[in-house]
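Shared chain: chain A. Partners: chain B in the first complex, chain C in the second.
Our next item is the complex of A and B:
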């Protein structure tokens, strides 16, 4: 193709540099597409910067790995001792399956900063968020992207440490295919967890503090999310309710797969909850930002 | 002693001044502790008994843990913040006062969130710990020893910041002590169990006092008290040694 393109008057314009994009007639969908790709680029950049920042501080990664190993070893020890006391298994989980369950559920939770809700709440309450509202991108979108960038690194550390620990203590995963499915489930769990943190923290736009939301969310994930215990341990009606809640998507789903249950439908459940949580977080942040603009505080 | 009591009273008044925040903190921590009790009830309803531990003993363990940790993290809030205060150069305000620096720092701040833990622990023991005069006395002894161990350990690991200039290891040490103290030490075996008595003394913080409440043993009681006094002494010694190396950060707000 020649660079000497005819213009609308039928004359030939000067050649354009190759790097410069050709002007196209602008329509609403095209402009929306451009905005979306720009937003995606910015989000990718935010994730990369956040990940690089974490790489620059290896001691923080070591701390994440060490803390994760401590928590996993304690809970895995508790559950495997209990399984042995019960003749080898509890609610259908063998001692080895319980070790794989715990290292996975803990990995999903430890990859995200434990006090993220509180931190977001502080940023909202202190007015830091108002500065971010000056940018032409979505505040919540950019924040979530940044958190995903560093969480993926932390998750990598947890997967390496957790797999090593479980292989030593319990041997190979009970069902290899299910364990492989647990990897994408872990990633989905971490992203869903980050989005859920933002949805819960958005309450700070109205309450000016997210400490209560943090406590509430943490306890819901601990018990109803299956972080501390397989959901089958709960009384049957509570178990059914817990499995239908979003908290199961952030911890139980990958742990269930890693413990040898080939149930790929959990990935679909996670994707569904991720979409719902994303919409809820976006709507709440939009409403909160509007409130800040109206209040002028 | 009197200035320290005054400092403590001022810190308490400051924490209680925000009445809404104070009661919210206490309520939240109570809910947090109830969630843990629910976990243990569910666990033992499935398991029954693990290496000699049942729900009654776990309640004694949890009562000792929440009361002692609640006292240290709530009433002596700065015990956990010694490391950050040192690394951020925030000791200056305390150094200029005519009272001993470490006791002043420890009594300077109260955190209502953890005070809720303390109240919960006492209530838990009174309601579900089958209290008798003897069990109550042993419970009080266990809490006292655990407070000594917690405070000594936190001051010790926090004071290491004087020498290494960083605080990550100290915070990790604190998390380890709190975490391992939350579970019966008998679920571990071999080297881990020795580690939990000798290095991170979690076994002495809760497991031994909980066992003493059920079955008192003078030898274990003496060992627990000795560990508490030893750690408290080591913490104070390390802090005072480190203080000689401290150089001003010209920050007047954190202490």
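Our next item is the complex of A and C:
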């Protein structure tokens, strides 16, 4: 066919020359650097867009804050009462420390949509993910970046609400330095939680559904992640196993710091698990995408 | 290389069911065709004919079980990300836009994903806004747009990174008549003004006539017709259906119905018209426009109408009828 084609007015026009030529092939390291910087810029933008979407629906933020306050106040009340019944403390946590523990562990978990695994699984099973595979960047990378953007906003709400609640109910944090360390730990916990969600949800590439993965993950985080209770409450062998698992990085680590334990090594543990979970999620998505391409949806 | 797409014996078989009771389904069977750069091709067929499966293979998100394909010189399923940079894809039932935000915000992220600078995205959005007459829509939240307006924004998103080849999978589905007409015009304009190759799947016969220069018809996974639309119009789309509803009096004891039958018989006595009266009392005239001008038939109906005309429409034959016609006729010369 000729390059000249009639336009909608019936006249003839040549295809318009491209004003920004496609980048020419460059050396491998330069190309890799350019790709990395491009990916970082895209990730930042995906996070910003996601946060803006949440701001555009402020009722969602109000719901997060209200639900978080309700759950935290019930659990904090239960643990405070239990501590007072035990003579003022349980496994080394005072009544006030338990309040700070619960508002932090709940905040870390509530900052991430509770059914995120199920949502990702549905996107995989329904073929929505295929649309994203038609883009020249990592599917899982963009998804994680987007989720981090809105989760940081939700985390901000939880930190403000939780700190206010804990100050009123339990007074200032037991150790201020440890509480300050809990802030970066919370951020790491939320990011690790999002990455773990994607790793678990990737099962849907094989199972076509992630409901069971969501159920399992949620229960593991509730108990072995220390969301509902300090891990020291568990029998000693279970406690040791729980502390060695990644679930502790998504809830227990920041809560342990906020409850007055100056143990900065938990930040390193979180960074380590974040790296491991990131590699696992990336590999699982890569394998899942390959399976989708070979097998079809 | 002048070909945008070269498909050679492309096949895809799906295996389903538990191991002992596995069944196979040939979604696409040995499909071979080429698409020239700058061409507008309609790839049409009924539901389940293999259109979407073919698009998935050609865009690299599905591996064929047999055959080969090159899209813009790349094997799609092994060079998916590289190919993604050069093609645009629009699925009629899937959105690329975030509903809570204005399309412009989505464009900025999509531009970044495809490696465009912010300045380039701004310029490109301005340019596409003009071509697609959509600039005023870009700052309204997507959820407030009508489907037709949203599809124009989706088209902008798909064209943002200046793809050489645009795949559209059932893009007019769900649009009303006016929306379809506007969308078809815009596709032709995109092709003419920007030189974009258009690969369109649809099960709407009108999409072929208004958008494509060439049509490939698929049925049960195989190509059954491949010809320029001018030839197709002559061979298969010459027959149009004129449907006339009259404001008949239901209490006249059947006199109006008899008059309608008489009118149908009278019109069908000429060449190129077959008349029937539907159960709802409408007069249906299948007019072969190569033998008899459609205006003349309508004039005759209006002159001899037994009652005032309540409604009149001229429609293309449904796709099933076109496919039936293809099977009845000798195979046309391929393009």
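List of remarks:
Please note the rule applied: the second predicted complex is superposed on the first by the 272 of 297 C-alpha atoms of A that agree within 3 Å, B and C clash if a C-alpha of one lies under 4 Å from a C-alpha of the other, contacts with A are read in each partner's own complex, and residues count from 1 in each chain.
The working rule: contacts are C-beta pairs under 8 Å (C-beta built on N, C-alpha and C of every residue); 3 or more make two chains touch, one makes a residue touch a chain.
Fair warning: this is a prediction, and the values are worked out from it, not measured in the lab.
Look at A:234: by the touch rule set out above, it reaches chain B but stays clear of chain C. Touching more residues of chain A than its counterpart among chain B and chain C is C. Once the two complexes are overlaid on the shared chain, A:219 sits against chain B while remaining clear of chain C. Of the two partner chains, neither chain B nor chain C is touched by A:286.
In the superposed pair of complexes, A:71 makes contact with chain B only, with no contact to chain C. Applying the stated contact rule after C-alpha superposition, one finds that A:82 touches chain B and leaves chain C untouched. Of the two partner chains, neither chain B nor chain C is touched by A:115.
Put simply, chain A uses no single residue to touch chain B in one complex and chain C in the other. Those residues of chain C that touch chain A in the complex are listed here as 12, 14, 36-39, 53, 56, 59-63, 77, 80-82, 84-85, 87, 89, 91, 94, 96, 98, 100-101, 105-106, 108-109, 112-117, 120, 123, 141, 162, 185, 188-189, 191-195, 213. Within the complex formed with chain B, the residues of chain A that make contact are 59-60, 62-63, 66-67, 70-71, 73-74, 77-78, 81-82, 85-86, 90-91, 211-212, 215-216, 218-219, 222-223, 228-229, 233-234.
Put simply, chain B touches chain A in their complex at residues 24, 28, 31-32, 35, 38-39, 42-43, 46-51, 166, 168, 171-172, 175-176, 179-180, 182-183, 187-188, 192.
Across the complex, chain C is touched by residues 1-3, 5-8, 13-16, 18-20, 22-23, 38, 41-42, 45-46, 49, 52-53, 56-57, 128, 130-131, 133-137, 142, 292-294, 296 of chain A.
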